[in-house]
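Accompanying notes for the structure given below.
Labels run A, B, C and D following the written order; every chain starts at residue 1.
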Amino acid sequence: MAEILALAEAVERLVRDGDTVALEGFTHLIPVRAGHEIIRRRRRDLTLVRMTPDIVYDQLIGAGCARKLVFSWGGNPGVGSLHRFRDAVRHGWPAPLELEEHSHAGMANRYVAGASGLPFAVLRGYTGTDLPRHTPTIEPITCPFTGERLAAVPALNPDVTVIHAQRADRAGNVQLWGLVGVQKEAVLAARRSLVTVEEIVPELTPVPDGVVLPSWVVTAVAEVPRGAHPSYAQGYYERDNDYYAAWDPISRDRDRFERWLADEVYREAA
Amino acid sequence: MTGKYAEYDSDEMMAVAAARALANGVRCFVGIGLPSTAANLARRTHAPDLVLIYESGAVGAKPDRLPASIGDGILAETADAVVSVPEVFNYWLQPGRIDVGFLGAAQLDRFGNINTTVIGDYAEPAVRLPGAGGAPEIAASCREVFVVLPQSRRGFVEKVDFVTSVGHGRGRGDRERLGLPGAGPTMVVTDLGVLRPDPDTAELVLTEIHEGVPVERVRAATGWDLRIAPELARTPPPTEEELTALRRLKAAS
Amino acid sequence: MAEILALAEAVERLVRDGDTVALEGFTHLIPVRAGHEIIRRRRRDLTLVRMTPDIVYDQLIGAGCARKLVFSWGGNPGVGSLHRFRDAVRHGWPAPLELEEHSHAGMANRYVAGASGLPFAVLRGYTGTDLPRHTPTIEPITCPFTGERLAAVPALNPDVTVIHAQRADRAGNVQLWGLVGVQKEAVLAARRSLVTVEEIVPELTPVPDGVVLPSWVVTAVAEVPRGAHPSYAQGYYERDNDYYAAWDPISRDRDRFERWLADEVYREAA
Amino acid sequence: MTGKYAEYDSDEMMAVAAARALANGVRCFVGIGLPSTAANLARRTHAPDLVLIYESGAVGAKPDRLPASIGDGILAETADAVVSVPEVFNYWLQPGRIDVGFLGAAQLDRFGNINTTVIGDYAEPAVRLPGAGGAPEIAASCREVFVVLPQSRRGFVEKVDFVTSVGHGRGRGDRERLGLPGAGPTMVVTDLGVLRPDPDTAELVLTEIHEGVPVERVRAATGWDLRIAPELARTPPPTEEELTALRRLKAAS
């Protein structure tokens, strides 16, 4: 059963140096506040996993938390590039960043395999592209019935997955809705999981297009209102597009970024 | 530059030309940015029954403004069905249910191969781009692919530095040899004109040129020795209706 | 886009002699009336596919429509055995019935592969059981990353899938909710599909735990109120448990069954 | 027969003994029939936080009456989550998240292997049974398996005619050799007593006998030379509370 914890304690207990950590969210419901808490706790040597690393991953990388990134699309959606990510890839600042890159279809299926207790997944993918030449986690596989060749990718099983959801009940059952991305799979694939929620309510009422994660597949729940800002939480608040735009100049410059870290992340710890 | 050309800019011409390529009722897997603008414009003009599928899981989205990102809430709120990301790739894209994959590109080559990964060497890139996203499988599985991007010598190269998504490989027949089910890029819409693969060689050839654009300008913006179709068509300029719809869409965003 | 048709015309056009036909429904929303229409149109040599063949399959088999059954559990739920099914297996009456049997996990994954455009699916299944000795559509497969051995099963791609749903709109978009079983996968895996619905409504409003099948993946929709009876349609009517119990004595006796066919199925055609 | 025994029948004793086996808070994958009765009884008595998972897609179902079938609407209406059938097998059962798989059986052998497929030869069966359903993977993937069925010489055989679901194969170590993750059947509850696998051989041994049942009767209802545990326990008879809860559950159905 999920424990209901304060965010700081939850991150302290669940996220450890050297862990493989997935913070998932496909534009919607990105667990940004939890990401900042990981920075604040100065976690190191993380293998960060995410289909769509965006600014919270730029922040984690720039803060020196990551040694590797497993991903399929890294950018500032609607704005442009991730400059801390680029700086780490090109200049190893503040630390070298190893890359393992896939397509969305490959990453999604890796989570599906992880959630399903299978060691690999099969898809029609990567054929003819340069990805298999650089990504060792893509192998051919032959259909035992038709002889057809397809692609296999290994399961993703993060040490810890962090997601943000609209709400949980007091027993730790979690509910999210709207674009639910790959969050269910990422939680079910992980050894441990932390869900930050907009609010804890006495009872979950059914919602169209809703996903419920029962308390017994979640390790910890933390109430973190606006925990997905600057992304959005359907039914709670809109996406803060200005924040995404404002991130671009901050992230382009190492000094400005470090000031941002000091002011916006580390200061909160004091 | 004619009087008419002065009334709109080349980005608007590109969006309009791209939108026109989408027939009504077609199922279109939409990349964010220019493809999404064009697809939503088509739905607002000649193709009200266009079915828009976004990789974020919105199937049959009907946004009344341009989505700010691929995961804009308006997509879920207006969709016929909202599905998980694994489902959108496995159940909706992979089996070949989608007519048109509509993609952008950072770099595109003579045979319509797309690069969104790196400029330069993979290990020591000159520019690190966002990566593959959904594009490799969109390019593989849709019945055909439309690409939309502004034309420039940097973007239109002899051979892409990294094949993120396969167009026509190194020429006609390569897709069949690779076992890729769809027809690949059948149309590349730019701010200067429209390129289509030569039926015999699959090399991209300029088949249409936008009103007021000299051929030499298109050649100068292409990184290979661009062939011009013998019967080069002129893109009709945007209609009043198209321009109004496009500007309204953008203003609402 | 789905055509809205009368049931008789839909079955006439979509279901052909020799077809592989799946009528899916996991206790809930079983397309019973459509099954009776298949009997009435005297379709022959069908390969019937279903995870849980129950009394409507007993009726189809007894009426001589089937030459093969692909399944994972065949019974009269809560009552006992399927006697027409047994009679066909043991005595070839009214026609021999070839069997291809799997586990539920295998059948579900065969539909998933079919819906996904893959030639096969992988699961942890069948190990140590006698099923692979009798079922040729189970093969071992080796993980290219870990070397682990798993089971592969081929995709199911019925010529036509028939399901029952709560409702559709006039454009042929279909909505079902409650226990949704494997119906979405069975429709997406099929070359053609027919959905019978309780009612056609002007507009579909979102429903918790709802599944929507867009019109463009459905071939035909037919309005058939109480089309799932004696099974149930959540929000419309309850399961008729008495009917299931009453089926047992009818199905035990060939003559009684034939009278039932004449009275309850063929008579309606006149 | 004691006075107490007269107050309940052996089917009730079986349901109660099976229910008692389920600890509170345990996640239980429930087969229909006797397992469902026992699991719901447990939830109504000592195990209110028992998590019931049905293969029809109801995760955390809390029915207030016995479901008439595995797909009874009350399961969906009261569940924490309703998922598709593929999902229940792939995301919930297969990864080993479930503590107890609770199964019935038509035929069970000395090593706890289960047959629900055919009596006799597969091609020419004496009795055609319903088939596998979810059982093979439930028996493989749950941390342990409880089986509940009435004891008879026909049902309890030396070797099942068809291995639908693997118990302990031909003895201790076979599950490990096959790579089956769970511990297999750790308990078989019948109307006469409880059998458990011998720690060394995995042969099912009578470890518990219900009140008022003579050992000879259990031997006579077993198709192999049944071993009796040196310290044979007596099942405490149903309590008032258990009997009342069971009868209420059944009456409500």
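Note that a residue touches a chain if its C-beta (ideal position, glycine included) is under 8 Å from a C-beta of that chain, and two chains touch if they have at least 3 such contacts.
From a predicted model like this one, the values you see are computed outputs, not experimental measurements.
K.L.:
Determine the set of chains touching subunit C that also touch subunit D.
P.N.:
Both subunit C and subunit D are touched by A, going by the contact rule given at the top.
K.L.:
With contacts counted as defined, which of the two, A-B or A-D, has more C-beta pairs across the interface?
P.N.:
A-B
K.L.:
Counting only Cα atoms for the centres, state how far subunit A is from subunit B in Å.
P.N.:
The answer is 28 Å.
K.L.:
Can you compute the centre-to-centre distance for subunit A and subunit D, using the mean CA position of each chain? Integer Å is fine.
P.N.:
41
K.L.:
How many Å are there between the centre of subunit B and the centre of subunit D, using C-alpha atoms for each centre?
P.N.:
Centres of subunit B and subunit D (C-alpha means) sit 58 Å apart.
K.L.:
Provide the list of subunit B residues touching at least two other chains, using ranges where the numbers run on.
P.N.:
90, 94, 141
K.L.:
Which residues does subunit C have that touch at least 2 chains other than itself?
P.N.:
112, 117-118, 123-124, 148, 184-185, 209
K.L.:
Among the chains present, which pairs are found to touch?
P.N.:
Result for touching pairs of chains: A-B, A-C, A-D, B-C, C-D.
K.L.:
Provide the residue numbers of subunit A that touch subunit B in the complex, in ascending order.
P.N.:
Listed in rising order, the residues of subunit A that touch subunit B are 26-28, 51-52, 71-75, 77-78, 81, 85-86, 89-90, 101-105, 108-109, 111-112, 123-131, 134, 148-149, 178-182, 184-185, 209, 232, 234, 238-239, 241.
K.L.:
Which of the residues in subunit C come into contact with subunit A in the complex?
P.N.:
Interface residues on subunit C, with respect to subunit A: 117-124, 137, 139-141, 143-146, 148, 150, 152, 154, 206-210.
K.L.:
Within the complex, which stretch of subunit B touches subunit C?
P.N.:
Contact set of subunit B toward subunit C: 25, 27, 51, 59-60, 80-81, 90-91, 94-97, 141.
K.L.:
Going by the contact rule at the top, pick out the subunit D residues touching subunit C in the complex.
P.N.:
By the definition above, subunit D touches subunit C via 32, 55-58, 68-73, 75-77, 82, 84-86, 89-90, 93-94, 117, 122, 124-125, 128-137, 140-141, 162-166, 169, 174-175, 178-181.
K.L.:
Which residues, counting only subunit C, touch subunit B once they are in their complex?
P.N.:
So the residues of subunit C in touch with subunit B come to 1, 112, 115-118, 173, 184-185, 188, 211-214, 216-217.
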